[in-house]
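Structure incoming, see below.
Chain naming follows the written order as A, B and C, and within any one chain the residues start at number 1.
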């Protein structure tokens, strides 16, 4: 079924406003349990995509920036689907592996929950189900039937909404016999939930093997970089640097 | 050697086999107490498996906490057996004789206990039990041999198997003695286990060769087991504090330190419990104390290398880990406790001959060493995870829950309990070894002084 | 001398018609024989020996000349790449010869009865430390400043500067080694000074000083050897670790390897034992001391050598596996430089000669271990392996262009030795051997007092139908 796709994402930090729409969309799409305050305090909240916020400024007293010279920096961090993923070789039961579309795949029913993959993920994007997820009965109808509900003891993380990708391939390539490209992904609403929800086009998804796709073109942008490049993980997610207005004048 | 008494074989048999036939009230009280603790730990573990890992203190990023620390600790204690038995047997040190079986048995039970830890701490232990083994030939679903967690069971099981063989080979002559002195069901069991031992020269020769071969072959296993356990940590690239080339020998030497200390503690304990003053003498703990000085110094060298090179790398997350370990309470208190109890106090005390020859002080110092070494493993694992990479928003801390603490305490009780139950069925000090020591012992006269001497069988 | 035991342990055996291969010095030697044999060997100064000394001195002089010519071009950070092979041979000599006294110290500490003949041979290598110190000085000069690169040190300025700590550390080590040798030689100097005439007898007499062999002196002697030995041990491990860090790891950007210093220290110990065994073989064969070096010395040493070979492989594997597994770019580049691409040939020689051949080819087999030639041959391979290990570590490190980079970006090409390098290497090695051979004519090569002490504790007795060596254990 897979016709030589290599799924990738471009995250344009310059556009991110930190609105967290992507986080909410992912939550809804992937049947992630509701995170209450106690989960955040005990550091067991699941956010397959998270917005890391950093404060930055030119004047600092004791490492703390002072108002009004303060800026908020947002970096959406999600599973990078690394080609040389450190989480893959360490799983004792092959519950996580790299498929032929460049995706780092988590096999829920194989996972025994050693959490070694979470330890070896430098981006800290893997989540462990410490308990069975519970939704109040009123929320049962919003659960996505395309996505498994993970029981306790199992690891989970961003899948690039693989359920949507598979549906796209089935409909476009399988039924219609056409080539899947950016326009078709958008038309059928098969981009990952976070990409769909983003109001500022920060997140761009597509086929890195398709030279005409937006991700292919934008990943060559002069502002491009990858997170933690020196580790050699070779991620499939490319970030575009934020440009400050005063620095842009000199660009 | 100065205090060795000449003991008759009858006396040796009576003393060392006494507990098997009739145990003191002291013994039963202790066994009962330990059983209660162990049952409590089983209940806690059962509760954890039934309810899920949310009952622990684990969180994201600290996915490994007390239970993995305990796993590494008990693998460490298990190194005592080989160190004392195999190496001292190969180097023909006379003072090993009362210690060998106690050390080997401690190895076996601490290994078994250690193995339970990674099983119960996984998310789905009922799957962990069998999915780590290659059995699914039909569907071709294999365990991933690239993972250090698959190397672990291979190494540990190899070590466990060879240790059991080691103990058994050494036990056979003693089992024959027991066979000849028991009746009924006991006699049947001992008859089967002693495999027809008659004490003929040929059987002795074979037994000696088997012991030497096993000693030599178990040495590489012993080094590799803890190295492979250390690879669980050093193969990662994300946790900078773990990604150090020194981990393999560092863990091994730490294991030897905590293991030999554990053996000393246990030996002094059984001396008190079974009234073995004639067999476990001051000269033995004196010699063990001197060995511990060398081991402790070697350990400190590797610790210094690990610590210094952690800072040498000047990587932000590793520096943050060291800062957490040394300067942020309560970790700073734990770090101080660790380095003082694992090294400075014991080593400082062991330099004095009177301390080395004092049963009380050797018990205190060796217990302190193990307190420190448990903390050492904890301080490697948790602060490393707590300050992983530069995503400071994910940095956190860890505190164990009551369930974890109960389980950990339970493992200590379990090892001791299994050890004491072994003592009810098999002799903890090898009879034939003691008797052999008596045979090889003699005196020579140098001028006017009589010096104890030993026969070299080279 | 009666047996207190109920089992039939016989009295001392006085006959010589046995074929056991034990160190039965109690029968073949006595105090007088030892003193006479060793003194005779000490005062002998044959033509062959003189010729060897002359040849070595000439090669050493050539090495010095080449060094001076090269130093005239410049002896600073910019010319660091010129001294790569000097650094390698220095590391080899300081590791092997520096750890040799440690062999004597360690074996004495573990109270082995078979160590006595090789004790002095090991201690005598302390004199080679003088050459190490000499070679260290130019190497310290070519170290780059610590700014901008990873280092153990905090400042270049005295007193925190690495240059001074390194120098005084090595100086302290050499002095400690010489002191150890000196104290150990005192009783022997007294004995030999009375057995000959001439300059060297006078020299021995002067250095024996006020030694008369009273009980108080022996007690002090023993205590000093123990304390000085422990001090030497600690300082040696420290110095080898520091030298490795400063001269290899700190010069390579991005290389953080905690086991490397320990690996060099271990290689030092391994090559020191090898060196001692080879020297023992030569002393035994050409010095006429066959009686003093029974097969047991080589056999027992071979077990330790075997363990050290395995340990060497273990340390190498720990480093290799940690780097290779994660596929981090900077670590892969380092593996390619120091092991698998640039310096692949030295690495192959290193791993074959330090581990594969000595262990799998030689020491693993019982007949090879239980002989005199077996451990000696293994030792030769080990020395070659240790030398190439220093080559593959120090030569690339000294040839790194930009030591202040964040990490090693590309795999640098290998640097082969030119003619000058070869002369320096041969000169340094010749100088070391020359110093040793010269010192052997001023300090007896076999430790008379230790051999005599051994005689006191050894007896041969019968047990059942065999003869055994019985060794006294005073504590």
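The rule is short, and it goes like this: a residue touches a chain if its C-beta (ideal position, glycine included) is under 8 Å from a C-beta of that chain, and two chains touch if they have at least 3 such contacts.
Please read these numbers as outputs of a predicted model, since none were measured by experiment.
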Far-end chain from subunit C, centres as C-alpha averages: A
A-C or A-B - the one linked by more C-beta pairs in contact: A-B
Distance between chain centroids, defined by C-alpha means - subunit B, subunit C (Å): 34
Averaged-CA centre spacing for the pair subunit B and subunit A, given as whole angstrom: 45
Whole-Å gap separating subunit A and subunit C, where each centre is the average of the chain's CA atoms: 58
Residue numbers of subunit C (touch at least two other chains): 325-326, 328
Multi-partner residues of subunit A (at least 2 other chains): 86, 89, 231
Touching two or more other chains - residues of subunit B: 235-237
Subunit A partner contacts - residues on subunit B that touch it in the complex: 51-54, 58-61, 63-64, 118, 122-125, 127-128, 131-132, 141-144, 146-150, 232, 235-239, 385, 388-391, 393-394, 396
Touch list for subunit A against partner subunit C, complex: 84, 86, 89, 230-232
Interfacial residue positions of subunit A with respect to subunit B in the complex: 42-44, 50, 52-53, 77, 86, 89-94, 110-116, 118-124, 127-132, 152-155, 228, 231
Complex interface listing, subunit B residues touching subunit C: 1-2, 6, 90-91, 94, 220, 223, 227, 231, 234-237, 243-249, 297, 301-302, 305-306, 308-310, 312-314, 438-439, 441-446, 451-458
Subunit C residues touching subunit A - in the complex, by the definition given at the top: 325-330, 332, 407
